[in-house]
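Okay, so chain A shows up in both of these, paired with chain B first and chain C after.
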Partner chain A sequence: MIERDLVIVGGGPAGMAAAISARESGVKDILLLERDQYLGGILNQCVHTGFGIEYFKEVLTGPEYGNRFVEKIKGAPEIEISLRSLVVKLTKDKTLTYIKPGVMEEVRAKAVIMATGCREKTREMVHIPGTRPSGIFSAGLAQKLINIEGLLPGKEVVVVGSGDIGLIMARRFTLEGARVKAVIEIQEKSRGLIRNVAQCIEDFDIPIYFRHKILRICGLDRVEKVVVVKVDENFNDIPSSSFEISCDTVLMSVGLIPENELIEMAGVEIDRKTNQPVSKEVNKTSIPGIFCCGNSFKIYDLADWVSKESAVAGKMAAEYIRSLK
Partner chain B sequence: MIKRLTCIECPKGCLLSIEIENCRVVKVSGNECPKGEKYAVQEIENPMRILTSAVLAEGLTLKMVPVRTDKPIPKSRIMEAMDEVKKLRLKEPVKSGSVIVDNFLGIGINLLSTRTVSKT
Partner chain C sequence: MKPYDVIIIGGGVIGTSIARELSRYKLKVAILEKEEELAFGVSKSNSGIIHPGTQNPIHSLRGRLCVQGNALTRKMSRELGIDFKEVGELIVAFNEEDRLKLVQLKDEAEALGVPRLKIVDRAWLKINEPNLSPEVIAALYAPTAGIISPYRWVYDLAENAESNGVEIHASTKVEKILPSTRTGGDFEIYTSKGGFRSRYIVNAAGLFADDISRLVGIDDFKIRARLGEEFLLDKKKENITNHLIFPLPSKDSKGVLVIKTSDGNPMIGPTAQDVDSKTDLSTSAEGFKKVLSSAQRLVPSINGGDVIAYFAGLRPASGGDFIIRHEAKAPGFINVAGIQSPGLTAAPAIALMVSGLLKKNGLSLKRKLFFHHHRKREAHLFNIPLSETKRLIKRDPCYGDIVCRCEMVSAKEVTDAIKRGAKTLDGIKFRTRAQSGRCHGSFCTTRLMKILEEETGKKPTDITKRGKGSEIVKEDRLCD
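The block that comes next holds the complex of A and B.
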């Protein structure tokens, strides 16, 4: 079996920042595993600006922000990048199994940093009744279809929830010529950043309904309409207030959930409700030497903060490896 | 007239109170830094936005190449700018930061690639 000082799983903002910082803290043998064919993770599909203001003191798009880290990693011979490498197993003694085209590899690490990011919550997780037609997408999937695949998923859109990705996608659909008919938010204000409400919604006069929710999604083969209802302060429906919006697409932007199946497999204690590792200290898990950073540790609002705190994970892993000698 | 605006220069999002007379800003309050005042004047008198989008590629390793304007453009011309972006086809490799269209919209700004892409 191959042995490595440090294995990092995930080549997005968290994994890249952790790799760079571990190297700067003296780790000389780092393997970075990324399942996609490029480094950068979700940054590659975030073509909008708003990245780097905290970290680099300038306004960058997602790909530009990611590229700053990619360039640094490529200049570091101590960091080996393995792309198209999907980790399928992690054990508590820090053995990782991963598959890449044509092969299955096993590697044992002195320390592991998991930077596996998060997933989007689905319609099922927020219990929206109705039929199951095509045309229902998570906002991030729609983002990938438009910005990476060049496909427009629909023409008349209703966004459920006002998370940042939903707001950004409301603007993106509008720019591509689709009509965003409503953003529906059950809370009394947006859960997204204020600048996104201003630049993505108000700039394009998109109607945003606070204290409203989707009662039902209708349509047989394709989404045809949604039924919307106002809720009171206890989030109970006010039935007399219901109305319909015709649309062919529903985007779900109702929050993110850390992706932690691998550390759970290794026996790390996980909070069943939030899917975060149970931890008193940032980036740590219940197994010494298995660290977790970025959106898989907790959901961050800004990539800049992911980079900053993931750098701390790199340092912690370096200290842990030193302590073994 | 008093208008309230949220400053979008940074994620803090200060709530600005802007006194306007004859379409000109006379006083700004509520800002925690000088960027807020500058933003308020710009936003009321001539709102500008950086446009980001993606351009179709042909024969390159990516299907879509992300792009941005190097400087903000007038908000009123964003949809017109998108019409131009949609007409573009990128056939040659570019580096992140390369100019794809110079003097975009004829207003002295450039459309830049924000990602490096090579030939297949």
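The block that comes next holds the complex of A and C.
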């Protein structure tokens, strides 16, 4: 088994910031495991601007923002990067098993930082009844299809929920020539950033329905329409208010869940409702030496804040490793 | 028109079981399936339970075929390299009146030949099924109940039948049949993909068996769709029960169950509701409420928040027992209709019965010199230990290229699935489990599309969820 001082799982904004700061805090032997073929994580598909305002005092796109960190990491001999490497097992004594094409490796670390990000809630998690045709996408998948693959998922879109990715994708679809017919939000205001509501929805005259929800998705092979209903202050349907919107695509943007299945496997205490590690202090978990940062620790609104707080995780891990000697 | 000895209409578990059975003999056999892939009809939403034979009327055909099918499925699952797990079932009683019904169920099942039944008490349940509601006072334990993956079972049967010479024609919808009485010899079958000529037809068309039967003038039965909604729980809850848990059955349904599945995810359901449409697979808010509360009555710790997926299926209900018979008015035409629960279990026994009916009606069954009994088991990383995965990765590096991270499915498994016949994203999902985990394909869909493009030469705009009309994307901005 290979032994390392620090293993960081995830090469998105959180993992990269943690790696850089751990190195600056004196850790000399860092392994960064990234499951994709590039560093940068979700930033790669975020081609819109709005990144870096807090961190660099500049307005950057997602890939530009990510690249600032990639450049720094690539210049650091203390940080070994292993791409296409998926961690499949983590134990409480900090042994990790990861798989990449051709190789399964076990590595034992003095400290581990988990920067595994989050996943989007699905239609199933909010229990929207109806059929299961093609044309139902998470906002993030639609973003990847358009921005990375150059594919247009649909032409008449209804966005469910008004999370930031949903708002940004409403604009993105509009710019691609698709028609965004509605954003449906069950709360009385958007859960996204104010600037996104203004720049992505209001500026493009996209109708947004607050206190409404999708009653049913219809369509045999492809989405054909959704049935929408108004809800009262207790979120109960007001049946007389229901109406239909024809569309070929439903975009789900109803929240994010930290991806913490690996630390759960290791025995870290997890809050069942939020899927976050139970913790009194930022980046810490119930197992000393296993840290968790970025969106896997808690859902952040801005990548800039992920970078800032994950840098703290790098320092904490460095201190922990020093304390072992 | 190409001549065949037997044409089987319908590529679900019944059609493929019959095809596999007939492939032992020197016969020219083909399956015609209207969907793009096999198992895309009734079979895809099956619960995957191999029933022991309980809860069937004593003199019913389905009861007899179920008991026989249970034994045959065990043997065939070994031959075809698919997991069959004997998990056992518990039919539970909440009061003394229920307990008496258990005794009656036990007597009826024993008369059908169901082995090793026993009524277990609260003390036994506390040890062997600790999450069961404390209000359950006793249960009928049927240890021979098992689980299998219903769609992988269909694919494995079909693959083995194909290796023994059976032809499979997908996207082939039967539109018209000229009966043997009109042609004076073979049936002439006209489809969306041209004509076929055959001495015998086996109608295993599931929900549409009445429509197919009507094409040869037999219209004395009707198939009604009975909708069942099922809800899958997160794999983390795999061991929420050790057995399949059944309430006492009602007159026309086995009720809402807590089901163990071959894939690990527990499942709760199904509902049972007669519907008019044979294509509408909608789930409902009421269905969810009903299933959740019924399941919680059996196992109180089941949590609605653990539901990661749901779907609905349609049972092909005839209103009575299975209809399996040769039609004298259309000589050579065999109806296999109204095969609802326990159809998956009974399938191999139904296949034997159908080959008997064919023989009785003049088809000569001569054994092939070489019949491939066995099918090579393919590897699925999700159900093997990591040490085994390590060995596989050494043998083929593509096992280390993980495509679906929620369910740990490698690129190698996906390309294998495509080589073995998957043409759609659902076809890949059913064979490999890619996209069936927590994220529902959010992370792996683009990669799966790319592998399908590479392996089949399809354009991204041609890739579908489950066949024509269900294309994933509308336009390719780089090409169009």
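Throughout what follows, the second predicted complex is superposed on the first by the 325 of 325 C-alpha atoms of A that agree within 3 Å, B and C clash if a C-alpha of one lies under 4 Å from a C-alpha of the other, contacts with A are read in each partner's own complex, and residues count from 1 in each chain.
Just so it is clear, a contact is a pair of C-beta atoms (placed from the backbone, for glycine too) under 8 Å apart; a residue touches a chain by one contact, two chains touch by 3 or more.
The structure presented is a predicted model; accordingly, all values stated were derived computationally and were not measured.
*Asks:* So, does A:48 touch the first partner chain B, the second partner chain C, both, or neither?
*Replies:* First partner only.
*Asks:* Have a look at where A:67 lands relative to chain B and chain C in the superposition and call it first, second, both or neither.
*Replies:* A:67 contacts chain B only, not chain C.
*Asks:* Is A:59 in contact with chain B, with chain C, with both, or with neither (first, second, both, neither)?
*Replies:* After superposing on A, A:59 lies in contact with chain B but is clear of chain C.
*Asks:* Under the stated touch criterion, which partner chain does A:150 make contact with: chain B (first), chain C (second), both, or neither?
*Replies:* After superposition on chain A, A:150 lies in contact with both partners, chain B and chain C.
*Asks:* More residues of chain A are touched by which partner: chain B or chain C?
*Replies:* More residues of chain A are touched by C.
*Asks:* Have a look at where A:175 lands relative to chain B and chain C in the superposition and call it first, second, both or neither.
*Replies:* Only chain B is touched by A:175; chain C is not.
*Asks:* Is A:227 touching anything from chain B or chain C once the two structures are fitted on A? First, second, both or neither.
*Replies:* A:227 contacts neither chain B nor chain C.
*Asks:* In the superposed arrangement, does A:99 touch chain B (first), chain C (second), both or neither?
*Replies:* In the superposition, A:99 contacts chain C only.
*Asks:* Return first, second, both or neither, reflecting whether A:141 touches chain B, chain C, both chains, or no partner chain.
*Replies:* Touch status of A:141: second partner only.
*Asks:* Go through the superposed model and pick first if A:199 touches only chain B, second if only chain C, both, or neither.
*Replies:* Only chain B; A:199 stays clear of chain C.
*Asks:* Show me the chain A residues, by the header's touch rule, that chain B contacts in one structure and chain C contacts in the other.
*Replies:* 146, 148-150, 176
*Asks:* Quick one: which bits of chain A touch chain C in the complex? Just the residue numbers, please.
*Replies:* Residues 35, 84, 86, 88-89, 97, 99-104, 119-120, 122-125, 127, 129-134, 138, 140-141, 144-146, 148-155, 176, 216, 218, 220-222, 248, 261, 264, 272-273 of chain A touch chain C in their complex.
*Asks:* In their complex, what parts of chain B are in touch with chain A?
*Replies:* 5-6, 8, 10-11, 13, 49-54, 56, 62-64, 66-68, 75, 78-79, 82, 96-97, 114-116
*Asks:* Which part of chain A faces chain B closely enough to touch in the complex?
*Replies:* Residues 44, 47-49, 53-54, 59, 61-64, 67, 146-150, 175-177, 193-195, 197-199, 203, 301-302 of chain A touch chain B in their complex.
*Asks:* So in the complex, the part of chain C that touches chain A is made up of which residues?
*Replies:* The touching residues are 236, 279-285, 287-288, 304-305, 307-311, 386, 389-390, 393, 397-398, 400-402, 405, 408, 438-443, 445-446, 449, 460-461, 464-478.
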